[in-house]
Amino acid sequence: PESLLVRLDFSPWGMHGAMHLAQEKGWFTDVGLKVEIQDGTGTINTLQLLAAGKVDVGQVSVGTMAVAKENGLDLISIVGFARTGDLAVMLDEKAGVTSPKDLVGKKIVCFTASPWAPFIQPFLQANGLKKGEVEVVMVAPSAMVSTYASENADGFMSQAPFGQPMVKKTRPANALLLADSGISFPSYGLVSTPSMIESKKEAIKKLVQVQLRAWNYIYDGNIEEAVKAILAQRPNAKLDPDVLRGQLIAYEAFFSSPTQGKAPIGQQFDADWQAAINSMEQTGLIKAGHKPSDYYTNELLKN
Amino acid sequence: MKQLWSKTEKSRLISITVAILLGIWEIGVRLSGVREFLLPPPSKIFVEFFEAPGYLLMQSLDTLQTTLAGFALAVVLGVIAAIGIVSSRFLDRTLYSLLVAMNAVPKVALAPLFVIWLGTGSAPKIAVAMLIAIFPILIDTVLGLRSTDPEMLDMARVNQASPSKILWKLRFPNALPSLFAGMKVGVSFALVGTIVGEFVAGGSGLGHVILVAQGSFDTPTVFVALALLCFLGVVLFKAIELIEARMLSWHASQRHHFVATASVSGTS
Amino acid sequence: MKQLWSKTEKSRLISITVAILLGIWEIGVRLSGVREFLLPPPSKIFVEFFEAPGYLLMQSLDTLQTTLAGFALAVVLGVIAAIGIVSSRFLDRTLYSLLVAMNAVPKVALAPLFVIWLGTGSAPKIAVAMLIAIFPILIDTVLGLRSTDPEMLDMARVNQASPSKILWKLRFPNALPSLFAGMKVGVSFALVGTIVGEFVAGGSGLGHVILVAQGSFDTPTVFVALALLCFLGVVLFKAIELIEARMLSWHASQRHHFVATASVSGTS
Amino acid sequence: MAGFLQAKELNKVYHSERAPVHALENIDIDITEGEFICIVGPSGCGKSTLLRCMAGLEPISSGRLALQGKDIVTPPKNMGVVFQRDLLLEWRNVLDNVLVAAEFHGYDARQYKERAKELLALFRLSAFVDRYPRELSGGMRQRVSICRALLTDPQLLLMDEPFGALDPFTRDELNAELQRTWLATKKTVVFITHSITEAVYLGDRVLIMSRNPGRVEKIIPIELQRPRGAAVQDTARFAEYVVDIRETFRELGIYKG
Amino acid sequence: MAGFLQAKELNKVYHSERAPVHALENIDIDITEGEFICIVGPSGCGKSTLLRCMAGLEPISSGRLALQGKDIVTPPKNMGVVFQRDLLLEWRNVLDNVLVAAEFHGYDARQYKERAKELLALFRLSAFVDRYPRELSGGMRQRVSICRALLTDPQLLLMDEPFGALDPFTRDELNAELQRTWLATKKTVVFITHSITEAVYLGDRVLIMSRNPGRVEKIIPIELQRPRGAAVQDTARFAEYVVDIRETFRELGIYKG
């Protein structure tokens, strides 16, 4: 069997469901693949390992990949899962915040290397909030959620379908989506490099197919199986099945395409990417002149 | 019986102190109502450990191995570098400053690069552990090697001692107390370096356990891992102290207990 | 003229070495085609610095301030703890082990607690810097305080010296060379600690610069920050060495250049 | 007053990793207040050990050792000790090395500065007050350590070969000086020396020790008029004492030769 | 053979932070191969400095100092030195402290073990071969350091007050021993001592130094038959030499007394 090394973004959470489910069900083996799934220690790190050729495929936010690409990392997205922007500011339900205007006087935590970081100022600006009206504090990724949960901050900036289920039991939160402010930033998909695709095309193709099958299976009413698969694959992580389930449920909405609606899972579209390119250009994350096809290929979706 | 009692005095003292501190912690947490994900009570940490003792011990072992490899490398390279620095004016003026500069770079910032260069196996972890541990060992060994009594060096020189003889038979034994101080600091830092390496490279070890537990909001497990780290740290430190006591029985620093308590009594 | 030339020998040597190393790096990177995000060439790092020198220097200053605060605290607390440990058998057996255990905990792993306990100002950064720097200072000071010649202690005792007199007039001066070794290690680690602190809770300092640059895959800026850190580290280290040379002119370690070069000549 | 400094059946055994060393065996001494006792004996017979016991630095293994009736368990007050090694502090200059005795006692060093300078002058070290120990010769270092012991004008003075590294002239001179101060202040002095003439010149009694294990072999009272001038060394009585001590040693058969 | 070890107009100035010390002024000495030279002089007159210059440990400031015609710039081969301080290695036992001389030379220590033990026996240290320095008395430490200097049987022996911390009997005995070895092996010996009788007993010539700055005041050839028994010390000739040296010192007016 051909072997592939897949590295995820962070330690286990709901979005890892399809990968673990496929492994657990033996779908990789069925197509003659031997896949090693590595937990990641950060999106940035995974992207760098990909660009350095140390891993074959990564599951990360493809928006962040675009930023990396701008800085010389030769990457390309090979499949898009959560195609709608999921970045959000989350605040205590009890605070009654319903629009960005209500953020005035609030203390929000974020982490420096977060995909959110470059959008903080544009987000505030887009909503007519002046500098200093909202206190944004940068802490370590590991300190972000606990700072919010322990009420040392009013809110936190993260991905809504990741964060809301996470704090549900301790301090349930409302989410203000970044996308609602007109900023489009695509979320999870699989990423690889052109040279890697060149050399392991067939294997990567099989991996992508299996993943599409897995996600379709999960959202075909089998979320519970995905939760079990994660727990089974990561027995020592002591994950909370409620959180995993919550994240998988919450992500379903973000699997649709912002411009094409409920399109088949995995496909990426020029229109989606053009919107993202515009947002990223506006905020200076990427220079002008990029076209959607620089960032993705649907090549591997075909049989 | 009485002798056994007094022989275990040291371990009793430290056990009692730890027990008292844990008690304060337990009561403090319970009374103040600090939530578990911030600071779990010790009882909870204890229980947590026994939910997966095998796994946690395996990860501890993994961390221990990496630490020992990094530390061993740090001792060897640190001592060699120190010898080079005290033996050669050129190295003193170049290598020394370069190492000082290098040490000012936080390994957390370099760890991602190591992982990229060395892959996600144990190599980058060992490298980080080594790089953090080498500096105290180097500095203390340099001090030790330089602190040799000039008249002792004269004595060696009139005996036609070659620089290497002077090094190994005079400077080096003389530097041992300092070297051991450096190793005590170094072994603790090697452990920290391993964890930092594990944070970035991932995969295994207590650093990985901490990362996963933090990611899933599982603070009690974070604390179990930290407690295991403390334990490993103390064990490694005491191991070095033990070797030191055996090798340096001639040195004043090892006879301090006698000195401190040398009270004189009429009969004994 | 000639004298000036030989007086600057040291700085020339190190400058030339650094220049050669940078040259190798530049050529190596260009020839091997290592991509910039992995390891940018020094020329690129240099250019990068001059794109925002003011901002980078401001951040360096910020980091320097925090480092100095943390280091000062570490020296004071480390020396006090060392004195406690060598003076009291109880503290030796409790505090010492507890500090050893504490030091085995990587400060990065405590990030959530630091942020919650100390907020997001400079307090957690100073705390982390202090906590990392204190350990080498403590260990080396303990060694130094314990290394006093037992007969010297006898001499003090027959002069009715109180424990505090013995400490300040005998043990402490005797421990100074060791303390300085500890401070040299400590100041480097305080700098590292500040960066770690800035990673944990920061909106400023070189640590923040590094994180932001890492987050936007801007490796050249990461390296600019690392280069500035190297520079700060060397400056701080040399500052301690300078103070050491002034205070310890009586100690063998400070006369090594004389000793090493004491060649005898017919006339001079 | 008898029984000022008294040892009764004093034994001292050093325990080390190897066989224990019986350094002192059944020592009986009774030193009167104001007496000048010289101790002579072969190398390694336990002279320094005895002195260290008297100084309260070394626990005795059995028997009694008392100063003014009280067991010596810690260094007694009002005592000055000259150690066999000079034990100077490398980081202090000569003057400050002398003054450290006052500082250790908790006295105000400034008030002792004049006295320290006088003592250093007496010991021919005026030109070296601001030098550091590493710049001194062996004999000079030893003299500094004597000044230190004398600084606080102690009533009991224990000296372990204080003039060992000095030439005979400086030595004679300092012996005369020491006798003068002693006559003036009536300190009790225990003085270890390898010079038999020095012992006879200075001592009220000379205590002869022998070794393996260290014992008190003989105590010889020196009945020479005080003050003793340099000339006393040329008298027949003086020579008799010297010969007597020599003979005692020879009889003990410790040496061939 | 004259001119074996030769000093011509040798000057030595120590430069320190304070005023420079003129330790040796215009020293002229000419030592024949196989000669036994004793140096006496007041404390601080530069004896140790001269010895250290001869040992190639201290650069001279002007003049010449040559061994067998070659300037001394580093420690000459085939030389043994007994320093004023004993300089024992605390981490080695007595035997190994003696053997370190062979090890430093790069010789096989095992082949010197027997000789080391013989030397230690000669110096009455057989019972202490496996003790550590901290367990020894001052005189014992000094004897160990003498054994170390003798181990490799050097042709040139420089000794700085080697018997200073020894009782007169051990001293006499070791003096006789030293004379015996010297007669048998014809080493060249430079021997610093504070004992005038020792100097006369051992020396072919006695060099008298005076201080401030250190000068050679007089060189007295000792024409006493070899081998010299202990009895020689009671002869009139011997006493004359001793008195002569005493008088030289007195004439120099260095001391009152």
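When the chains are written out, they are named A, B, C, D and E in that same order, and each has its own residue count from 1.
One rule holds for everything that comes next: a residue touches a chain if its C-beta (ideal position, glycine included) is under 8 Å from a C-beta of that chain, and two chains touch if they have at least 3 such contacts.
In this text the structure is predicted, and so the values were computed from the model without any measurement.
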{"item": "Each chain counted as touching subunit A and subunit C at once", "value": "B"}
{"item": "Pair exhibiting more inter-chain C-beta contacts, C-D or A-B", "value": "A-B"}
{"item": "Label of the chain whose CA centroid is most distant from the centroid of subunit D", "value": "A"}
{"item": "Whole-Å gap separating subunit D and subunit E, where each centre is the average of the chain's CA atoms", "value": "27"}
{"item": "Subunit A and subunit D: spacing of chain centres that average the CA atoms, whole Å", "value": "86"}
{"item": "Centroid distance [mean C-alpha coordinates] between subunit C and subunit B, Å", "value": "17"}
{"item": "Subunit B and subunit D, separation of their C-alpha mean positions in angstrom", "value": "48"}
{"item": "Multi-partner residues of subunit A (each touching 2 or more other chains)", "value": "44, 48, 52, 142, 146, 150"}
{"item": "Subunit B residues counted as touching two or more neighbouring chains", "value": "38, 112, 116-117, 149, 199, 214, 219, 251"}
{"item": "Residues of subunit D touching at least two other chains", "value": "56-57, 74, 85"}
{"item": "Touch list for subunit D against partner subunit C, complex", "value": "52, 55-57, 74-75, 77, 79-81, 83, 85, 87, 89-91, 100-101, 103-106, 132, 134, 152"}
{"item": "Contact footprint of subunit D on subunit C as seen in their complex", "value": "149, 151-152, 154-162, 165-166, 169-170, 173, 248, 250-251"}
{"item": "Residues on subunit C engaged by subunit A in the complex (per definition of touch)", "value": "35-38, 108, 111-112, 114-116, 119-120, 199-203, 208, 211-212, 214-219"}
{"item": "Residues on subunit C engaged by subunit B in the complex (per definition of touch)", "value": "10, 13-14, 17-18, 21, 38-39, 86, 89-90, 93-94, 97-98, 100-110, 112-113, 116, 135-136, 139-140, 142-143, 146-150, 153, 177-178, 180-181, 184-185, 188-189, 191-192, 195-196, 199, 207, 210, 214, 222, 225-226, 229-234, 236-237, 251-253, 255-257, 259-260"}
{"item": "Subunit E residues touching subunit D - in the complex, by the definition given at the top", "value": "14, 16, 18, 21, 40-44, 47-48, 84-85, 130-131, 135-140, 143, 160-161, 164-173, 176, 194-196, 230, 249, 254-257"}
